[in-house]
Amino acid sequence: MTSFLGLNWAYLQLLEDEQIMRIGVLTGGGDCPGLNAVIRAVVRKGVATYGHEFVGFRDGWRGPLEGLTKPLGIDEVRGILPRGGTILGSSRTNPFKIENGVERIKDNLAEQGVDALVAIGGEDTLGVATKLTELGVHVVGVPKTIDNDLGATDYTFGFDTAVNIAMEAIDRLHTTAESHHRTLVVEVMGRHAGWIALHAGLAGGANVILLPERQFDVEQVATYVEKRFQKQYAPIVVVAEGAQPLDGQMVLHNQELDSFGHVRLGGIGQWLAGEIETKTGKEARTVVLGHIQRGGTPTAFDRVLATRLGLHAIDAVNDGDWGKMVAMQGTDIVRVPLADATRELKTVPLERYEEAEVFFGS
Amino acid sequence: MTSFLGLNWAYLQLLEDEQIMRIGVLTGGGDCPGLNAVIRAVVRKGVATYGHEFVGFRDGWRGPLEGLTKPLGIDEVRGILPRGGTILGSSRTNPFKIENGVERIKDNLAEQGVDALVAIGGEDTLGVATKLTELGVHVVGVPKTIDNDLGATDYTFGFDTAVNIAMEAIDRLHTTAESHHRTLVVEVMGRHAGWIALHAGLAGGANVILLPERQFDVEQVATYVEKRFQKQYAPIVVVAEGAQPLDGQMVLHNQELDSFGHVRLGGIGQWLAGEIETKTGKEARTVVLGHIQRGGTPTAFDRVLATRLGLHAIDAVNDGDWGKMVAMQGTDIVRVPLADATRELKTVPLERYEEAEVFFGS
Amino acid sequence: MTSFLGLNWAYLQLLEDEQIMRIGVLTGGGDCPGLNAVIRAVVRKGVATYGHEFVGFRDGWRGPLEGLTKPLGIDEVRGILPRGGTILGSSRTNPFKIENGVERIKDNLAEQGVDALVAIGGEDTLGVATKLTELGVHVVGVPKTIDNDLGATDYTFGFDTAVNIAMEAIDRLHTTAESHHRTLVVEVMGRHAGWIALHAGLAGGANVILLPERQFDVEQVATYVEKRFQKQYAPIVVVAEGAQPLDGQMVLHNQELDSFGHVRLGGIGQWLAGEIETKTGKEARTVVLGHIQRGGTPTAFDRVLATRLGLHAIDAVNDGDWGKMVAMQGTDIVRVPLADATRELKTVPLERYEEAEVFFGS
Amino acid sequence: MTSFLGLNWAYLQLLEDEQIMRIGVLTGGGDCPGLNAVIRAVVRKGVATYGHEFVGFRDGWRGPLEGLTKPLGIDEVRGILPRGGTILGSSRTNPFKIENGVERIKDNLAEQGVDALVAIGGEDTLGVATKLTELGVHVVGVPKTIDNDLGATDYTFGFDTAVNIAMEAIDRLHTTAESHHRTLVVEVMGRHAGWIALHAGLAGGANVILLPERQFDVEQVATYVEKRFQKQYAPIVVVAEGAQPLDGQMVLHNQELDSFGHVRLGGIGQWLAGEIETKTGKEARTVVLGHIQRGGTPTAFDRVLATRLGLHAIDAVNDGDWGKMVAMQGTDIVRVPLADATRELKTVPLERYEEAEVFFGS
């Protein structure tokens, strides 16, 4: 047996003869609870059922682009099911924006003897996967976005975890709001789609929920808040980071200096709290949940979903069903064309928002 | 205005004229996280959107049977969203097994001026609801079972909470199993369907999962356990309370006296731990999760599902769509005939079990 | 029996003859998990063991100042043990800063027939209690501060809950930091004392901990961060909101505009993340935990501590031991003069900080 | 450099000259959240501050007895702070009950070039440590017992975690008890000392708490339960596994066959539930928390305590302060003679139990 560049060529020959594949795995975009569960399921079933061999590519598309690899076998995926983040690292690198990006990827895959890729990621990562497929690279995709805004799948893993973390925060804030008779504005993730705000707001018993899908009237928000105070309860306002007031309402008149002598102004949550304070004459405070929504151990829903997606992704690879993405529809895992996933953003439909409005201001 | 038996007749007259209904709500069967979220949503939307009036019936069908009521308005449902259990109480009373049961229910509904019922419950409670509908009582059903085994709905609320509690317990048991090189058998709920075992086992990284849907071979279980020990890891076996070994395997040879001098034998978990100990020569311990799976605050998934079911149930009542049950299909809430819900038990299909088997023994 | 202003004078006469007291309870300052547990214990033991009667004063010292009361009996304290916040409301009202404040309090106490007060609060609330005691009001104090910075007691309730919430957030942030190779700066509560930062940092495995008690060298922090990256791990920096860099280091050169076109600058955490980014050339992100640290259900430690403080406070009242505060010393609850509690802030001693430094940068 | 048996003799020579020690670490007895935090702190400070070298002994005293070792350096303790269990494994092996046990330990320590041992464990493990110290072995002890029943230390790590897990279970059981109007008996750990029962019962709002320290009157328990039902609330009874009824009360008249046709009888919890059911005529159910109390991630209190104990233990080793145990007294970590720790069991004093009785039956 000869070995070159750390690769065992005799074994690679064997792989070819025996229909055994050498499969690369990568994770791209923002991290998301459940990534490790997908990786584990892919590798566990790939090795146990099909006898395939794996290599991890580090930091999203940067891995195959720069030839950054990591061993990926049964031992490496041991114990990672409950762990947040991704053992492979992540990045937002886009090979199509880099000179000779695609060629370099093809070269590196060839050099590593990689027959196929499992690409786990969101719109950007899967967008690259779609184009690479058209250029002859063997890719199967697994959808990932904490925001739940990918088409063609009912849910994405990570979303349920984020919603639970936000809900637990809201649960905690109710008592502090009521003890101090103040409004608490909770800013959650969601630049373009308000799924986290909608579900966390419903689950947490929020009194107003504001989404990117629909500009809000800050006067109406203040009215809801007032109504709630009149009933002797303190309001919780859940606002997605991408929510916007009606055109012209964001006149910045609530600027104040912070403790370092500078204009204090964060995101939409902080602006909104200032407005509410001004309009109602009662204290309002903001909590920006930020990165704690995307870290840490996944919920059961996300672990099961991620595991099942991983199991079905390796089946698709084994079938040579390139250019497909695994997706959840109802309780089933199905395969859909990769291109479908990224065709359009799945935003919150109006009827789902109206469904929730019955709780506003009360 | 005259008042009799606590009822305001003038207002009842008004109700009739104005298409305003007086609606009874009851919860039957085992308690389940999310019941209060349903009650809250029904009442909040019923009052705010439709102007209906509500009365709570206590302890399942015993409430309308014996005329046991409880005030149920906006104040009563305040703050109950995150609370487990049911503010209305529950029971397994079946009016069809009680003399003149149906007549007594009809009489009590009439006396209370109740136009319609929202019945929240599982197979038994909804079975009664189905029959009462056929006898002219106005009922809309909301499905509830922690076991997730009701047909016509993708998920039932309470299930996700139970799975998370079981998963967290399994997470905890991994470290104790490995520190002591022993097997831990976790017995979870599921008499007839193994959904909790399957999902908690997948989410918790169990090494064997045993369901009521498929008799298990205790020799095979012992082999899986041995395989795991050979890899220097300790096994976690998740067993549904209704799982059974192959015919003839349950020869009770592992009886031992407990600290009170009596035969120690609990459920299937304890029997199985004894068998594993005998066959592998290594310690095995059992944890029976029991009632902690069904108590306490619901997860976000269950709060959102329960809330949406409640909102759609009151819509169905308002539409006079009697004999229907609200159900989750994909991400939609739909209406299905009550009779469909109880027609057959939704058990774990073979392919879902086989999907999980790749993790067994490894 | 005659009744005036809602008070039953005949019963009040009885109270006097029988050594039964009418006791007011109030909670002041920032809310804190465990306040309700104290209230419950005071009332439960006061009624069951001593036969006393209670009245709740609303919103801290504003209650007795303005005669704002709330019924407070066995029914009112039912089910509040696990609930965060305070059923009595809170405020930072200081009667000594209000004209005739003390007289108004004395008048209101007399009018309500109140013999003694249990005042639950921090430095400010207990400072008022101390002065009122000197002016003849019968007060027993219960120490409360989430920051754990009150003298004369080993721990204050709420602190353990805050530390656990911060630790859980840090646990979550480790995986997101490592997936993206970025620094995460976690800003926790603690204006004058760094107890939360120290304990949460130790418990969460932080790589740097910065406290108000000791100015930090931002160059040294950057060095620690670099060291951690060199080992291929991402750093977590825990900073108390009141921590300060060395004199002259806070030259604001990392100003950037936020999405609303304004200078983005929050607290110390955000400033520090900017510095770290500049100095290391690697992304740094901030999470400000804020109000979620003080809301929600208390930990077991805080529930037991708060309950025991409440039980001992009512004993002190029953003994007429005015001007005392109950405190935790070792595993005992003892009584100390109220004045001791507020004499000086209990900050983190240098040796405790040095104890933690072994983990910095590694 | 020559190497023999995996040991580098040249380096060992260096160790001797330079006052650098080679230190063995072991964990014995039942596993306990926080063990890994101790190990990590010992190694981190030992390496970083003092330059010592470590070797892990596996499975308690079995490790040095049989020469079972494990590498133990900075890399091995990376990421273990939040993990339950012990990376070193544990056992209840007692070298004094094994032929030539002490000689074999001395031989193995010599062969491994081990100068000193850090022994982390409970009564048994530290009992061995005490005797070995008298025989000239260099040992420093770290106290560990989930039951909190070791003398000379205010708290042991693991206890706070166990209490929180039990409290969360009790929180969950309240709602299920009330929904079904039944008693729930929660059996928690504690064979000889009732600390977990006392604290979890207080924190969970139990209506009766039963400890090993005091035989209980089952008639009195039934009276408490009845009283609670009369107030329309369902009772939670917390019973330590070692609690016992008054002499003669345990006449086994509540035997019933389980689903396998055998006498169903578990521990004291199940017996008690049977008695309560018989005496009150209302359903009673048992939950035995078992092993989930000792697994999983430690609370902040336990992580900080364990970390500090580890830091001080390595200081004691470095000082050559053999035969000492580190202990928590108030907020300080102190050193006490190892013999003190095991001299007598620290049980719940009567006054602590009486303090809690005010909540019984109400």
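Letters A, B, C and D mark the chains as written, and numbering starts fresh at 1 in each.
We take it that contacts are C-beta pairs under 8 Å (C-beta built on N, C-alpha and C of every residue); 3 or more make two chains touch, one makes a residue touch a chain.
Since we're looking at a predicted model, the values are computed, not measured.
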By the touch rule set out at the top, what is the minimum number of steps from chain B to chain C?
2
Farthest chain (mean CA position) relative to chain A:
D
Between chain pairs A-C and A-B, which one is joined by a greater number of C-beta pairs in contact?
A-C
Centre to centre, by mean C-alpha position, how many angstrom separate chain A and chain B?
30
How big is the gap, in whole Å, between where the Cα atoms of chain A centre and where those of chain C centre?
35
Touching at least 2 other chains, the residues of chain D are 171, 297
Go through the chains and record each pair that touches.
A-B, A-C, B-D, C-D
Chain C partner, complex, touching residues on chain D are 44-45, 48-49, 74, 78, 81-82, 154-155, 160, 163-164, 166-167, 171, 199-200, 202-203, 205, 233, 297, 299-301, 303-304, 307-308, 311, 329-331, 355, 358-359, 362
Touching residues (chain side chain C, partner chain A) in the complex:
27, 30-31, 35, 59, 83-86, 89-91, 165, 168-169, 171-181, 184, 250, 252, 255, 258-260, 262-267, 271, 285-288, 290-292, 294-297
